[in-house]
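Next come two complexes built around subunit A: one with subunit B, the other with subunit C.
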Partner chain A sequence: MTSQGRLAAWGIGLAALVALPFVYRDPYHLHILVLILIWSFAYTSWSMMGRFGLVSLGHGGFMGVGAYVTALLWNHLGLTPWIGIPIGMAAAGLLALLVGYPCFRFRITGHYFVLVTLALSGIVLQVITATRDYTGGSLGYTPNRAATNRLLALQFDDKTTWYLIALAVWLAGLAIWHWVDRSMSRQALEAISEDEDAAAAAGVDVTAEKLKITLISALMTALAGAVYCQYQMFVTPDTVSGISVSLQMVFAAIVGGLYVSLGPTVGAVITILLAETLRIGFGTRAVGWDNLVYGVLLVLFIIFLPKGILGSVLERLKPQRKASPSP
Partner chain B sequence: MQAFLDVFDIYLLEAVINGILLGGVLALLALGLNLIFGVIDVTWICYAELVMIGMYAMYFLVQVYGVSYFIAAPLTILLVAILGAALHYLVIAPLLTAPPINQLLATGGVLFVLQSFATVAFGIDFRNLGIRLPVLALGDMNFSYARLLSFLAAVVGMVAVYLFMTRTFTGTAIRAISQDRQIMALMGVDTRRIYLVTSALGGALAGLAASLLVLQYDVHPFVGLTFGPITFLICVLGGLGNFIGGFIASFVFAEIISLGGLFSDLEWGYVLAFAFFIVMMFIRPAGLLARRS
Partner chain C sequence: MLEVQGLVKRFGGFTAVNNVSFRVDRGEILGLIGPNGSGKSTIFNMLSGTQAPTSGSIVFAGAEIGGLAPHRIINGGIGRTFQIPRPFRRLTIFENVSLAGFYGQGRHSRAKAEQAAERALAMVGLPTDRHAAVDGLGAAGLKKLELAKALATGPRLLLADESLGGLDEAEMDQAADMLRKIRDDLGITIIWVEHIMGVLMRVVDRVMVLDHGEKISEGSPSAVAGDPRVIEVYLGTDAETTQAAAAEARRRVGG
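Here is the complex of A and B:
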């Protein structure tokens, strides 16, 4: 595809996405679309560092911090989410730096890094549960409904507004992806993921580069958590933090393919539609079965299709394109 | 004031000793995880979930079928050992040549499966064995027999693993493989069989831990999340695959949790342990026992 053609395709796709809620008004389907967009953004955030071999299972922690800090500031101090969300993001960023710095400075990579970050998301879950006097513990937490100024409270009842907000956030995520993709940091991080010592010898500041991408990724994930909380108006520790949320992010990114910008989005579409279909299919008569089937499918997926759906499709297309003579 | 301090010291000593007793069980879990990592080079993220399944097995054998505790425990160990071998055979073996991240995630998927399986099969109620062991009063301090029994059984279990690893051919082969993966196949050792035995052994240790933990804790589908993160921290701090490091780190962490729990909630003990872990990473990044290179 030529660059002009690609631009046109993006433009048409974008226009269709913006126009959608004004034409199609089924609230349930719009709800699913909003969820897909918010989670796509979260999965994209994870892939920002995941694509460079920095496999973090701590993103459940960052998401929980973003969601709970924003909601707590609103309920206890009456601080508007417009200020609360940046504070929540800063808190998650600080946490990321605190855990990331020793990891990167002292070359904690591979299995070690995964386990450290895994423990991080476990600990955030424990803290939210332990501070049950403020956060409601495992029972969940609801931001207070704003009586008058809904814009200030970032609370809207109609799905169309939320759809547009989620769409904007998702697009911002893709924009950041492309910004990183074109930056020097990308070259540096790819070199690091190939061979850390060689990259350091070639003059790459390994610790600084890794910290930078981790910070970006953590800030974005915290934003996703806060937006999710504002949309749902209810969070529990299990839906926005903890090991299962972290795993959910990695799975979706793997399913979609994490080396392509739209991969995590494809992953979100597939995993959320699958989860919803299973949830509705099994209904209330068999609580838990949907997760069981979901888990089995994910394990099978990793064993038989490790490159992800979009990744595998693109890979299959590539040699064909090379083989066919260009006109 | 003096009286207050006296009481305080007794509680402190009690917490320290309880920490040592908790450390025994944590050491058992760390040993299992370390064994699998050292030999197969895979981390079972779902390790604590195997413990959870074992705890349910104990609950059903003792509470529902009325089997004696001392018969139920070996059965549980056997069951979880089979589960461990099955996990290796079904999930890890097809992925041995795949990138490490895929192996990690596959066991993460198994974590999902085991948790939702437990939710479907057993519901989300908290269940316990209903066995109330007496409390040992030593001076002004109280220790539950459950903890003493757990500690002793954990030590016996670890000694048994040590003897197995040093005195038998299979054990020697396991230790050799953890030193050099490629050469052992050339020396005529069937690596696939050794991997299966190691996985079963790792499962058996999880089963033993389950039969001990069920004496002290209620079982529910998400109980693994209580032990999982702390076990991972212990293994990283001790150095993955380093048995002695994991052993020492278990007791360090158990003390932190126990002493932290003395001053506030148990959850804050975990937070304290994590903070300690971050600080330790600055001081000894490659693990507790690592020499600086």
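Here is the complex of A and C:
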């Protein structure tokens, strides 16, 4: 495909996505689409690090911080989410730096890095549960309904508005992905993921580059948590933080393909449709089944399709694309 | 240009480098030889920041650099290659080198980095094609890429670590000529660590010999090649081998 053709395809696809809620108004389907878009953004955020071998199981923590800080500031201080969300993101960013700096400075990599981040997830979950007087603990938390000015409270009842917000956030995630993908930082991080000493010998400040991408990833994930909370108007520690959310991110990103920009989105489509199918087909009898299926599929994918569904499909298409004359 | 004083590196109870001092003058090629485990690579790792010295000082261009982070040393004007080439296989050949051009020279601009990459690739004789993959390179190609990466960081001092291992004789001669050309054309000072003594002797201005972490000899190639201590520790004590190797070294040097 020529670059003009690709641009046109993107333009048409985008126009169709924006127009969709105005022609198609089934609230349940729109709800599913909103969820897919928000989680796609969350999975994209995770993949910002994951694609460079920085496998984090701490992202549930960042998501939880984003969601809870925003909601707590609104309920207790009446602070609008327009300010609360940036504060929640900053808090998650600070947390990311606090955990990331010692890890990167002292070269905690691979499995050990995974374990440290796993602890982060667990700690955030415990803190939310333990401070139940403020956060509602494991029973969950609901932002107070705004009586007036819903825009200020970032609370909307109609699905169309939320669909457009989620679409914008998802697009922003893709834009950030492409921005990183084209930057020199992408080359540096690929190099770091292969060989830290050789990257340093090329002049790369390994610690700084890793911290940068971790910060970006954490900020994005916190935003995903806050948007999810504002949309659902209800969060529990289990839905936005903790290890199961972190694992779900890893699973979705790997299944979709974490080395291509739309891979995490494909992962979100699959995981959410799977969860919904199980929920509708089996009801309460199937609670937790999705996690079981995730686990089995994760093992199968890592063994047989490590580049994920979209990654593998694009790879199959590649030779054909190269054969066609390119400008 | 480089002044090393009393350099020591210990790993637990083992002393890898013991009180080594030397200097390198601008525009010089210094050869660093010694048997396996004599401390050559450890010295390189300390000069390039990969390992911090236990004690001693390393002064480069008037500033102490001992114990600095590697990226700061690289940005300060020292470039290095690794004994076994360490390319980034997930990047193209061009990206490998432009990465070094970007991060090794203060991250100024991408355009400048790409120019530096083109110059470095042309210098070592690799194609400047933007899409060529690292996997297409053989042993000699990987050595060239390693050198191009180091050159792209814009060094005033190049640390070349055993760049000839795994090459055939013609390739070795080419590589040796390459290092001389880098010094002559680009004015880059070079410290060259090498196992293969003959080729090294032909190119370097001065040689330093290490054994068990200590400096045992230093001087012109012909003087060092004739030093009985060097012949004993470096070439072994088997009389026939020693004589043959010494003769070969003298033939190479032309003395």
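The working rule: the second predicted complex is superposed on the first by the 297 of 327 C-alpha atoms of A that agree within 3 Å, B and C clash if a C-alpha of one lies under 4 Å from a C-alpha of the other, contacts with A are read in each partner's own complex, and residues count from 1 in each chain.
One rule holds for everything that comes next: a residue touches a chain if its C-beta (ideal position, glycine included) is under 8 Å from a C-beta of that chain, and two chains touch if they have at least 3 such contacts.
Note that the structure is a prediction, hence the values are computed from the model and not measured.
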| item | value |
| --- | --- |
| Which superposed partner A:M184 touches (first subunit B, second subunit C, both, neither) | second |
| First, second, both or neither for A:L298, with subunit B first and subunit C second | first |
| Which of subunit B and subunit C A:I243 touches, first, second, both or neither | first |
| Which superposed partner A:E194 touches (first subunit B, second subunit C, both, neither) | second |
| Superposition-derived comparison: subunit B or subunit C, residues of subunit A touched | B |
| First, second, both or neither for A:A202, with subunit B first and subunit C second | second |
| Interface residues, subunit A side, partner subunit C - complex | 184, 187-188, 190-191, 193-195, 197-206 |
| Footprint of subunit B on subunit A - complex, ascending | 55, 57, 98-99, 102-103, 105-108, 110-112, 114-116, 118-120, 122-123, 125-127, 129-130, 242-244, 247, 250-251, 254, 286-289, 291-292, 294-296, 298-299, 302-303, 306 |
| Complex contacts: residues of subunit B adjacent to subunit A | 37, 43, 45, 91, 94-95, 98-102, 104-106, 108-113, 115-117, 119-120, 225, 228-230, 232-233, 235-236, 240, 265, 267-268, 270-271, 274, 277-278, 281-282, 285-286 |
| Of subunit C, residues touching subunit A in the complex | 48-50, 69-71, 74-75, 80, 82, 86-91, 95-96, 98-100, 102-105, 107, 110, 113, 149-150, 152-153 |
